[in-house]
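Naming follows writing order (A, B, C and D), and every chain is counted from residue 1.
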Amino acid sequence: MLSLAAGDLPEACFRRYLVQDYLFLLHFARAWGLAVYKSDTLPEMRRAQRLVDATLDVEIGLHIEYCRGWGLSESAIAAEPEAQATIAYTRFVLDRGLAGDRLDLEVALAPCVVGYAVIAAERMADPQARLDGNPYREWLEMYAGAEYQGLAREAEAALDEQFARRAGEGRLPSLAANFALAARLEADFWQMGLDAQR
Amino acid sequence: MLSLAAGDLPEACFRRYLVQDYLFLLHFARAWGLAVYKSDTLPEMRRAQRLVDATLDVEIGLHIEYCRGWGLSESAIAAEPEAQATIAYTRFVLDRGLAGDRLDLEVALAPCVVGYAVIAAERMADPQARLDGNPYREWLEMYAGAEYQGLAREAEAALDEQFARRAGEGRLPSLAANFALAARLEADFWQMGLDAQR
Amino acid sequence: MLSLAAGDLPEACFRRYLVQDYLFLLHFARAWGLAVYKSDTLPEMRRAQRLVDATLDVEIGLHIEYCRGWGLSESAIAAEPEAQATIAYTRFVLDRGLAGDRLDLEVALAPCVVGYAVIAAERMADPQARLDGNPYREWLEMYAGAEYQGLAREAEAALDEQFARRAGEGRLPSLAANFALAARLEADFWQMGLDAQR
Amino acid sequence: MLSLAAGDLPEACFRRYLVQDYLFLLHFARAWGLAVYKSDTLPEMRRAQRLVDATLDVEIGLHIEYCRGWGLSESAIAAEPEAQATIAYTRFVLDRGLAGDRLDLEVALAPCVVGYAVIAAERMADPQARLDGNPYREWLEMYAGAEYQGLAREAEAALDEQFARRAGEGRLPSLAANFALAARLEADFWQMGLDAQR
C-alpha cells in the first residue's frame, strides 16, 4: 500500500508533490495577503498577517530546505512549470476570495489549512504508521505537531466566528459546495503527485 | 426653501450636481460590471448586465442630453475635476464590493439605486411640489416614473433574496453600518451641489 | 485523422467540449464584467460591455441551442461538474485580471478570443476540410465568419492600443509568458474534449 | 505661521489629524495586503509583507501611543467617524490598486510613502524649524529619521523597477495623473486637520 505514514510512497511522487506544493505556497501567501485586504477589523487583519508571515517566513523556507534534502535546489523548483492541478486549485481559491467575501476565501482555504491537520493526525494514529526510518517522518510530524494543530484549530474557530457574523443557514449550501469543490481540487493535487510514479 | 420639487433650487447647484453625477455614473457602471464578475448564477449575472446597459446606454446619455440643455458640453463635463465628495462616495462603494461579496456591494449601492426612487416619489407627493414651469420637472419625473420605480423595487427584491441566500441576523449590524455610511456619502454628495451657490 | 474540419471527430469529444465550453462561457462573461470595472475610459467600458452582451445574449444562447441539437438540455449542461481543465483555464484568466491590469486580463483572454478566429480560419482554408455533411460545419462557420473575425480583429487592435498606453518593451516577457500559459491551458481544454473518446 | 516644524500648530488640528491618520493606517495596511496578492515575484511579495508588518506592528502602535500622550484612548480613536477626506483618499488608493496593477497601487501610495519623507526632511532643514519644546518634534524626527527615509528610498527604487518591468513612456500621463490626484487627496487630508481649528 502506497503511503506517507507507512513510508513506502515512491520518492518520485513525493518530489513531484513537494515541488508543486512550493508553487502552491506562493499563491497561498497571496491568498492571505488578500485576506488582509478583505478584513473588517484589526484583529482579523492581524490573523491574516500572521498567516502571510508563517507562509513566507517559515513554510516556504521549510519547503526549500526539505527539497534540498531531496536533491532539489530552490532555482530548480522555481523553474518548474505549474501543473494544471496546481493552477486549478490555487486560482479557484483566489477567485472565491475575490468574488465573495473573506468567509468564502477561508472556506476555500479550509481543505488545505484544516485538512492537513486532520489527515496528518489520522495518519500518525494509524496502527500501520511506521516512523522509524520513514523518509516522510519530518513532514508528518510537522503537520501532526502542536504548532500546526493549533493553527488549524484557530482556523476552525475563525470560520465559526465569521459564519455567525456574516452568514446564516441559507448560506450553508453554497459554502458546502465551495468547500467540497476545494477538497476535490486538493485531492486532485495529491493525485498529481501519485501520478508521478507511472 | 431650496428645493427641486418647488423648482427654486439655484441653477448653479443643479449644474454642479449634474456634472459630478455624470462622473459618478462612470463609477456606477464600473460597480455593476464588478457585480457581473461577482455573480453566482446566470440570472444574477443578467441583472447586473441590465444595470450596466441601463447606465451606459440610457442614464449617461440622458445626463449628457440634460447637461446640453443646461449649456454644458460632454467634453466640458468629462474635463471637470472629480469632487472629493464624488471620489469618497464612488470609491467607498467599489471597495465594499471588492472587500465583501455582492450583497455588500448592492447594500452600498442601495442609497443611490433605491434612495432616488423613494425621494423622487416623496417629493412628487409633497403638496408644496410645483411641476408647472419647474426646471427640474423632467428630472423628478424620470426618477418618480414607473420605469425607475420598477428598477428600484427589483433592487429591493434582490437585496432580500441575497440576504436570505448569503446572510443572516448576525450580519445585519455590518450591513446597516455600510448602508448608513453610504447614505451619509450620498447626502454629502447632494450637499456638494448645494454648496455651489455660495 | 481526428478533426473538426474533416468532420471525423467523435461526437463524444465534441459533446464533452460543448458542455465544458458552456461552463467556460459563464466565467468568460464574468471576465468581461471585470473588464468593465477595470476600464479607464468610457469607450473602453463600452467595448467590455459589448463583450458581456455578446456572451450572455448570443454565445450562451447558441451553445444551449447547439447542445439541444446534440441531445443535451440546458439543465443537464448546468448540472455537469466543471472539469479541472475548465477550472484551471477560467480561474487563471480571472486571477491575471485581478492581480494585473486590464491589459493582463485581455492578454490572458487572447488565446480564446483571437485564437478561435485564427484556428477556425485556418481549418476552413485547409484542403482536407470537408463541409458537406460535416456535423461541425455550423460551429466552424460561426468562428470563421465575418462577425467573429471582426470581433477578433477588434481585440487585437485593443491589445495594441493598451500596450502603447500602459506597457513598453520591458513588459513583453511577462505578457508573453502569460499568453503562453493561457494558450497551454486552452490546448489542455481541447485535450479534455479529445480524452472523452477513450 | 501655522507649522509643525515651528511648533505653533494648534493642538486641535494635530489631534484631528492623528485620529484620522489612525483610521487611514487601517486602510494603508489593507493596501499592502493587496500588494502581497498582486505580487509577481517572491521578493516583491516580501517587500509588501514588510510594509504590512511595519504598519500593523509599528506604525499603528506608535499612533496609539502618540494619541495616548495627547489624551486620546485607542477605543476613542477607533470609535471616531471616518472623515470624508479620509474615505476619499484611502478608497481612491485601493481602487487604483484593484482596477490597475501593482504599479498603479504603488503610485497612488507614493504621495504618502515618499511624500512624508520628503516633507519631513524639508521641514527639518528649514531655518525656521524649532525643535526645542516643539510638541511635534517626535513626529518630525520619526519621518525625517534614517529608518523612514530608507523606507522611502526603497519605495522610490521599487517604482523605478516596476516602471521598467511593467510600463513605458506611453503610461507616464496616466501614472502622473493618478499621482497628482493622490497628492491632492493627501493635501485635502492635511487640510481636514487644519480645519479643526475653526
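Quick note on the criterion: a residue touches a chain if its C-beta (ideal position, glycine included) is under 8 Å from a C-beta of that chain, and two chains touch if they have at least 3 such contacts.
It should be emphasised that the depicted structure is a prediction, and the values quoted were computed from it without experimental measurement.
With respect to chain C, maximal separation of chain centres occurs for D (centres as means of Cα atoms). Interface comparison, A-B versus A-D: the higher count of C-beta contacts falls to A-D. Rounded to whole angstrom, the centroid-to-centroid distance between chain A and chain D, based on C-alpha atoms, equals 35 Å.
In this assembly, the C-alpha centroid of chain B lies 31 Å from the C-alpha centroid of chain D. Averaging Cα coordinates per chain places chain A and chain B 43 Å apart.
Chain C has residues 30, 37, 94, 98-99 in contact with two or more other chains. For chain C in complex with chain A, the residues that touch the partner chain are 30, 82, 84-85, 87-88, 91-92, 94-95, 98-99, 181, 185, 188. Here chain D touches chain C in the complex through residues 37-38, 40, 98-101, 104, 164-171, 174, going by the rule given at the top. Of all residues in chain B, only 26, 29-37, 39, 42, 45-46, 48-49, 52-53, 56, 60, 78, 94 touch chain C in the complex they form.
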